[in-house]
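Here the chain labels run A, B, C and D in written order, and each chain numbers its own residues starting at 1.
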Amino acid sequence: MTSDIKIRVAIVGATGYAGAELVRLLYGHPNAEVVAVSSKSFENQALSEVYPAFAGFCDLVCENQSEVVDQSDVVFAALPHGLSEPLAAECLQKGKRFIDLGADFRLSDEQAYQEWYHKSYDCPEIHKAAIYSIPELCHFRRSMSEAMIVANPGCYPTSVALGLYPALERGLVKTDPIIIDSKSGATGAGRGLSQTTHFCDCNEAFAPYKAGVHRHTPEIEQTLSEAAGKPVKVTFVPHLLPVNRGIVSTMYTRLLDGVTEEQIFDVYRQFYEDEPFVRVMPKGQYANLRNVKYTNMCDISLHPDWRTGTLIVVSTIDNMVKGAAGQAIQNMNILFKLPETTGLMLVPPAF
Amino acid sequence: MTSDIKIRVAIVGATGYAGAELVRLLYGHPNAEVVAVSSKSFENQALSEVYPAFAGFCDLVCENQSEVVDQSDVVFAALPHGLSEPLAAECLQKGKRFIDLGADFRLSDEQAYQEWYHKSYDCPEIHKAAIYSIPELCHFRRSMSEAMIVANPGCYPTSVALGLYPALERGLVKTDPIIIDSKSGATGAGRGLSQTTHFCDCNEAFAPYKAGVHRHTPEIEQTLSEAAGKPVKVTFVPHLLPVNRGIVSTMYTRLLDGVTEEQIFDVYRQFYEDEPFVRVMPKGQYANLRNVKYTNMCDISLHPDWRTGTLIVVSTIDNMVKGAAGQAIQNMNILFKLPETTGLMLVPPAF
Amino acid sequence: MTSDIKIRVAIVGATGYAGAELVRLLYGHPNAEVVAVSSKSFENQALSEVYPAFAGFCDLVCENQSEVVDQSDVVFAALPHGLSEPLAAECLQKGKRFIDLGADFRLSDEQAYQEWYHKSYDCPEIHKAAIYSIPELCHFRRSMSEAMIVANPGCYPTSVALGLYPALERGLVKTDPIIIDSKSGATGAGRGLSQTTHFCDCNEAFAPYKAGVHRHTPEIEQTLSEAAGKPVKVTFVPHLLPVNRGIVSTMYTRLLDGVTEEQIFDVYRQFYEDEPFVRVMPKGQYANLRNVKYTNMCDISLHPDWRTGTLIVVSTIDNMVKGAAGQAIQNMNILFKLPETTGLMLVPPAF
Amino acid sequence: MTSDIKIRVAIVGATGYAGAELVRLLYGHPNAEVVAVSSKSFENQALSEVYPAFAGFCDLVCENQSEVVDQSDVVFAALPHGLSEPLAAECLQKGKRFIDLGADFRLSDEQAYQEWYHKSYDCPEIHKAAIYSIPELCHFRRSMSEAMIVANPGCYPTSVALGLYPALERGLVKTDPIIIDSKSGATGAGRGLSQTTHFCDCNEAFAPYKAGVHRHTPEIEQTLSEAAGKPVKVTFVPHLLPVNRGIVSTMYTRLLDGVTEEQIFDVYRQFYEDEPFVRVMPKGQYANLRNVKYTNMCDISLHPDWRTGTLIVVSTIDNMVKGAAGQAIQNMNILFKLPETTGLMLVPPAF
């Protein structure tokens, strides 16, 4: 029943938060072993020096990026945009699977990439080999095990897409306006130091940032356009929450005439009935990041506001798990024909 | 230049958070003195037993409500809805000013009150004597010193009204849809114990509550309808933030054709140019509750999203000050013909 | 290699924090299954109603305490003191193992129990069947699989005992004074509502409580006296930390003449060299609750202060895991002859 | 009654946290005006650009240090150690008062300074003009208005000295051991970025640092030796608390034989009976940083542990106010013969 394979995993960019979360989760994965880690900033240092939490669990020493590909069956990369492409090309050439937690392969439209990232593709030919995969929404899920490159979705886009896809695809709501008010914990800003994430600036504070101009916008629009069957635009405003982990997206669309509460809940429940990582909450309950943190779960709650004909959808994930490392492992499981839940069925802590 | 008057203040409901904040602020007010405090739950106990922070500053003992009116020139009430009306009637009869931090006098339309609070007015005749006052937006501000009853606005409505009034009144935006995504610190839920505000439930957590059904909705619509010159409806979703103080409201409306960024900033700057408590932030900066906490300030930032024709307005206040006790004192200053800023020009702590 | 047994577990007091943590951890245990849960306050409600985090993972309905014993091989009880004894007696009679996370069986000296808990034993005869077990320090560890009742240690005593036992037993330090300054996250105060753990009271706050009079004092002294080979007394002051989880104990004892830094580190490293759950940190690093939270680990750091001849020992655990549910499962593993680490080798999250 | 003088204040190092707090507090001071601010890192930038909280309140532009002395009556310096001495010399020469929030003038023993700061005095001759002043404990308080240089005490030493001075001076306790376990909010680490104060590292975390080797140790010993009338040594361990503001010091000394609880409380109450900024808490209450934050107050609670003959003293201050800017202003008030409380009688917020 359980597979005997042991996937050799290399992590590039292992000392960033997504990399560290991969280490934590893969340690508990019965069919994967982290065999090599790489980090530009901490080369030759043990990972457990950077994260004392890992002492005794993962004391691998960070190698140069060039040394890790050959040791592995699959390479996870958590790198700033622009740096994944050449590494993906190398993996492709060497027949290694490549799972990119960065932005390089997320947009299918190169022009959109240029517009938002101010950069062209360096290796345009390899983009055809890449599949963008939120597994629950991915049309290629069944055939995905053939893919060599997986574009692992962004954290905000994952929370938004899981929240709005059913309503748009099943025709519950209008496609304009789509207002997305997201709030993310501070791990979303990464391990790098900044005034914004200095404790005294971030604690007992709250504000939006990059309102309408965040780079996750085109990725969100790409998925929602697919759901709607036509191009849609969204107003997307992220905020920085004074918590370590978690994203809550509160989303506002207009209900189509005649849609009933029962229909809304039915659509969502059916859409996700076979999905172990998505919970559609009972009527009257609210999705709360508390209930998903440290896990690969996505909780969705639905709140029609009949006074204004608005469907309010609330979606929450752990930005570092379903929004990054967990979903990447879920994608790895698919690539290697393991049950998607392998190593990922973690009970959310109650507190 | 400075007035010599000393206003005798009584606070009813003094041991709730709004009451405690009144005590803190009035202690620093040169023309007011708290002469009596009342509390149902803590009768005969010193306020400083309930709040050791006040020891040595305010050691008044909580009296029965019936004993405090006579000692005062003005009564502040911070009571659950339904309890202010009879007290206001008593004050009116005795010629005492009454400033209500509760909901009883906020809605001019009794039917709306009935609908949202499931209760009729007990003393409908005295409602004519009440003025609802966010001073910066109050048409009666100049003549308000005659008022006997002031309905001090709710915390969310204050943040929303200050943020959207200029855009609606000056015709920058359409009146539909109006999406209001608000986030409040936990003091907004009061001093009473609840699972939601139990530390381990609230810390490292985030969720909306009462989506579309919060009682501040009709109060928001009342003010925005006045601004727009016609009835408007809003979609209002509050969220609970894991911080002690502060509200951030992120608001979404559609820009009218042809409106420019310059116009937007001009309208807001002109609207508030003489207002000491409102700061329209420079282009590119974001209103952050960190910069207003413990003070009566309201920061507003403006973010047109040209891709979708949306005006994103962000407004932040300290829910306990401009959203409650501070604004109540600002209203008291008006009633007693003092400069509005008296006792309220507190520099926000930088951290 | 891996055992095939499946231990049937019942949890009494399942809706308290320790109970909920047992559920979380046992779900990931390959040889245990939670078959029944009981809760006085939430009888007939699903556990996932109380903790929506568990929805889909554990939807067991809380039964009456009387119904759960028969269904199980082992009963975990997380009850207020005084309530475990009769339940233990019932288990003993029915041949079920009983693991008590409460205080009833922790003190071997009934007089000490009476003094600190103001109560006599109800079933004094069954106390002989109980073993108090911090496994790393338990003399009966090898023979413990015969035990019918396990007294699972308190959270503070676990952190203190693991930190000071080696120094006292190996004669590095004097036995007087022993100063213990402990700080615990708010889960230590339980799920019950109180002003102290109301979010706005606990957040951005810090204070000691029960200085010198906390009920964990005799339990600490019992273990340290055993280590020292003679009766010792400690000054113990707990504090409430504004975090959800974790205990840090900073402990001060006087070094015996001639002891060197090398000796100190050697003693601790040798003492714990075969212990998978204890990490003695390298010289110069500090034990931080961040590095153990959500896991069964205990980190210990050592800081001799030569100026004053003081050995400063810092010990940190997750109060809900090694301080409660995790250690209880570790004890269950011993009872059922499983490797102690079964189901408990969780990598601490880096953030 | 109130003085008419207006002290012209310059702040050097104004963009650090202590500098910013001086700005906040001096704005509310009736006899002081901040006329010039200086900052190496932000020269030519408005202070309100660095701290948007100050916009509209203090929009002074940071000047070069060389430009600010002449404009002022008193210079406050909040600089890294070693940088205050030359500035003090300049002020002395120009007849300006100098209040140093840094470490350069705190130790009267140059050798101790060399040992702990690895540096000699650059201007040894001016140290005679300096007075170290925790006003409540300063023997020169009455004559201090003649002083040209004030060494404003460190944050930890202030909390410790106020807590232990009475017990040592009045002979309640032995002078060995003296164990000091202090916990400070993150503002104590300053505005500069560091991994330790990165939000995700500091939040939901807790650990000691610099155990036994913190530079405040000799300053603490200097004051306590004075209190004891003989040289004393202390074991001092600071910890980083996940809050913005506040220090709690829990201190352990051995009671002398025969001392009673009544005596203990009497000594402390008498010692501080005329001190507006120190509150000795009633028996059974605990000093909590919540009750002093944002103010110049120090709360002290006393807990004799008769079982071990230990006096546990808990002292709490706001590290940025009584531990830095507030005490500096209190000292300024003394220099300029104003009531010590001028501008400083702020009611602590209850939350």
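Just so we're on the same page, contacts are C-beta pairs under 8 Å (C-beta built on N, C-alpha and C of every residue); 3 or more make two chains touch, one makes a residue touch a chain.
Keep in mind it's a predicted model, so treat the numbers as computed, not measured.
J.: Out of curiosity, which chains are bumping into both chain C and chain D?
T.: Of all the chains present, those in contact with both chain C and chain D are A, B.
J.: If you tally contacting C-beta pairs, which pair wins, B-C or B-D?
T.: B-D
J.: Computing the C-alpha centre of each chain, which chain sits at the greatest distance from chain D?
T.: If we average the C-alpha coordinates per chain, A ends up farthest from chain D.
J.: Please work out the Cα centroid separation of chain B and chain C, and write it as a whole number of Å.
T.: Using C-alpha averages as centres, the distance is 47 Å.
J.: Using mean CA coordinates as chain centres, what's the gap between chain A and chain B in Å?
T.: Centres of chain A and chain B (C-alpha means) sit 39 Å apart.
J.: Chain B to chain D: how many Å between their CA centres?
T.: 36
J.: Mind pulling the residue numbers of chain D that touch at least two other chains?
T.: 17, 187, 200, 203-204, 242-245, 288, 290, 351
J.: Can you tell me which positions in chain C touch chain A when the two form their complex?
T.: Interface residues on the chain C side: 17, 20-21, 23-24, 27-28, 51-58, 187, 204, 244-245, 276, 279, 281, 285, 288, 290-292, 294, 299, 320, 345-351.
J.: Report the residues of chain A in contact with chain D in the complex, numbered from low to high.
T.: Per the touch definition, chain A meets chain D at residues 17, 186-187, 191, 193-195, 197-200, 202-204, 242-244.
J.: Residues of chain B touching chain A in their complex?
T.: Within the complex, chain B contacts chain A at residues 177, 179, 181, 183, 200-201, 203-209, 211-213, 233-235, 237, 239, 241-246, 248, 250, 252, 254, 286-290, 293, 303-308, 310, 312, 314, 316, 351.
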